[in-house]
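These notes open a run of structures that come right after.
One chain, subunit A, links the two complexes that follow: it is found with subunit B in the first and with subunit C in the second.
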Partner chain A sequence: MAVIEAISTTYLEADAANVTFPSIPQTYEHLQLRYTLALNATVNSYQRLWLGDGSIDTGTNYSNHYMTGHDSTAAASSDTGGTNGIYLGNAVGEIDRSWAAVTIVDILDYVNTDKNTSVMINTWAGGLNANADYVYFASGLWDSTAAVDTIKIDNRYASNFLRGSEFTLYGLNSS
Partner chain B sequence: MADPAYIVNGVLTDGEAWVAIAHETLSLPAATVTWISTDDGQVGDFSQYMDLVIITYSRLTGTGGAVNTENKFNLNNNADTSLYVTQQLRADGGGSAHAGLDTGDGFGNCGQVPGSGADANIFGCSVLTLFDVNSGKYKSSLCIYAADTDGAGYTGINGGTWKSQAPITEIDIVNRSGSHAVGSTFSMFGVLPRMVA
Partner chain C sequence: MPAFTVIDHTEIGTGGAAYWEETGISSSYDHLLIKASIRGEKTGEYVDSGSIRFNGLTSSVYSSTTLKAKTATPDSAREPARNSMDYIFWPAASALADTFGSMTVWIPHYANTANFKQAIISTVSPNNSTTNNEWGTLITAGLFAQTAAISEVKIFSGHGTDLAEYSTITLYGVTGA
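And now, the complex of A and B:
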């Protein structure tokens, strides 16, 4: 049995509003989502993570807690009960299509129905302009004990993911 | 030439997504740790991987220098000072938060480590991920590091970009304040995507 398996890779051959991983096997201990993405519009947008069991929960059952580094400013903030899921960091609107935001999300013990689901997020979104160059370290909570079998990533604002963006979901096995 | 482990009897399979590519435990001080893609379709060939992950546990050799110093990485022997960008976010030894944007250096930052002035036997940890290393995107990285030096030290996260669309074929880990000390370890892993529908 492999320790870490690639469950699914989505490589966008056309611009897309969102990426969904449905029917996630319930056989792993943990999940890890890794992606590189760019946006197809000039609008800056942060990415959102939505979780679900059978269908995506788009309600107000999410909380966020995060630290950011942007130029010489270190900041921290949080919110709860909002309508935007779990924040994954901020990708930069189209400046140069070669820039890509990179993110790792760890989703732990996702099948346990006695625990709410907490995730850990690391993101870097460069671009060398006033709205870019954010490094982001965060936690997010889905305030539900349901198992996670569906994951969706989308944008808060009017942008699509640019062709060439790539998303892979990994499963981590225990002994 | 043998097939990679994910090709079984000529058939593409999805096995271990993380592949151990290389490991170094220094028996002598070294100014640079270098990995070059073998370009042969074997484990050491970077061209088959989506991401590369480098885990270091290191410090500098000698005595009397700075307590903390920064490890750097260089890609493809490219030291063009206009191409590397690093955004730092860290907690300093005094407990304060710090952020800074570094440009104009021909290297990426891969985290603070104990320098030659640190107490003996203290090493610093870092996990550096290089993303989508064979794509036409600029090559971006995330590095998480921890380097407490018993009264000082740093812990933080760096985001970085090498503004080149070239595939990564060589990685150098250096420290311009000195040499990596004996006992420092450097491990590299390749991360595969899902390959079978």
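And now, the complex of A and C:
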């Protein structure tokens, strides 16, 4: 058994509003989500992670804490109890597909029912001009001890992931 | 040979533990990787102050540079010549119950005896609070100013308090071609 196994990859053959990984095996220790994406928006949008056990929790059970670099400004912020899930950072709203943003999300101990689910997020979106660049490091908390078996990624604002965006979910074993 | 090998996986048991430690690490890998879901038992604090030490050395051979946020204003700091890599974030006893931090530690070329070693540490201390200093995000570049191969890794709270029950630490060996 390999330590790291690809559970599923979604390559978008057409623009899509969201990507879902249902029925995630409960046999790994950790999950890692990796994706590159571009948007058809003309403004920045941020991506959202939703978790669930059987069905996606779209409630207010999420908290976010993050620090960012954007253009020449470093910042940090937080929120809790909002309605936008876990923030995954910004993919820049550019039509040029070569500016795809990259995100890595660690979801540790996702089946441990003694713990709320915490995630750690890195997002990088380099751009050629102001408002088209972003680095993001964050934590996300799902205030639930349920095992995670469903993951959904979508956009805060009405924009699609462009064709060619690619998402892979990995499982990490611990033995 | 697989690229990743599990060297150790530990879940902290009932009552907590003062530290996690792996000794006798083989030099046969190229890199070490730690994934930890971790919480501390320091009372009166929301964010613990974790530490990492190598080879049992307690002399001033550790230096760290961090980029971090616990408020709306991120900042950086340097901690030179310490006896461990310090000030690593994970939730402490006052944070939301059942909430654990996530930490990744890369130690590239840990067995290289020509050069000092770097540890790349990313860690978050989540909570259901937006109050300053009740949450944290942190990226650290840690220098271990020793040419000896790393054969021991220890993770502990700088407060001297326990790691909480259900904390998990997984140590991987990563092999190149």
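To be clear about the criterion, the second predicted complex is superposed on the first by the 174 of 175 C-alpha atoms of A that agree within 3 Å, B and C clash if a C-alpha of one lies under 4 Å from a C-alpha of the other, contacts with A are read in each partner's own complex, and residues count from 1 in each chain.
Quick note on the criterion: a residue touches a chain if its C-beta (ideal position, glycine included) is under 8 Å from a C-beta of that chain, and two chains touch if they have at least 3 such contacts.
Only a predicted model underlies this, so the values are computations on that prediction, with no experimental measurement involved.
Superposition of the two structures on subunit A leads subunit B and subunit C into a clash. When the two structures are aligned on the shared chain, A:L108 is found in touch with subunit C, with no touch to subunit B.
Once the two complexes are overlaid on the shared chain, A:T83 sits clear of subunit B and of subunit C alike. Within the superposed three-chain model, A:S175 lies in touch with subunit C and out of touch with subunit B [touch as defined at top]. In the superposed model, A:A100 lies in contact with subunit B only, and not with subunit C. In the superposition on chain A, A:N116 makes contact with subunit C only, not with subunit B. By the touch criterion defined above, A:T27 reaches neither subunit B nor subunit C.
In the superposed model, A:T60 lies in contact with neither subunit B nor subunit C. In the superposed pair of complexes, A:D143 makes contact with subunit C only, with no contact to subunit B.
By the touch criterion defined above, A:Y134 lies against subunit B but remains apart from subunit C after alignment on the C-alpha atoms of chain A. Taken together, the two complexes place residues 2-4, 67, 74, 76, 122, 137 of subunit A in contact with subunit B and also with subunit C. Contact residues on subunit B toward subunit A in their complex (touch as defined above): 14-18, 50-51, 85, 87-90, 97-101, 103, 129, 131-132, 135-138, 140-142, 144, 157-161, 163, 165, 191-195.
Contact residues of subunit A toward subunit B in the complex are 2-9, 11, 34, 36, 38, 67-74, 76, 98-102, 104, 122-126, 128, 133-135, 137, 164, 166, 168, 170. Taken together, the subunit C residues at the contact with subunit A in this complex read 2-6, 9, 35-37, 67-69, 71-74, 96, 98-104, 122-130, 135-137, 139, 165-166, 168, 170, 172. By the touch criterion given at the top, residues 2-4, 29-30, 63, 65-67, 74-81, 106, 108-109, 112, 114-116, 118-120, 122, 137-141, 143, 145, 172-175 of subunit A touch subunit C in their complex.
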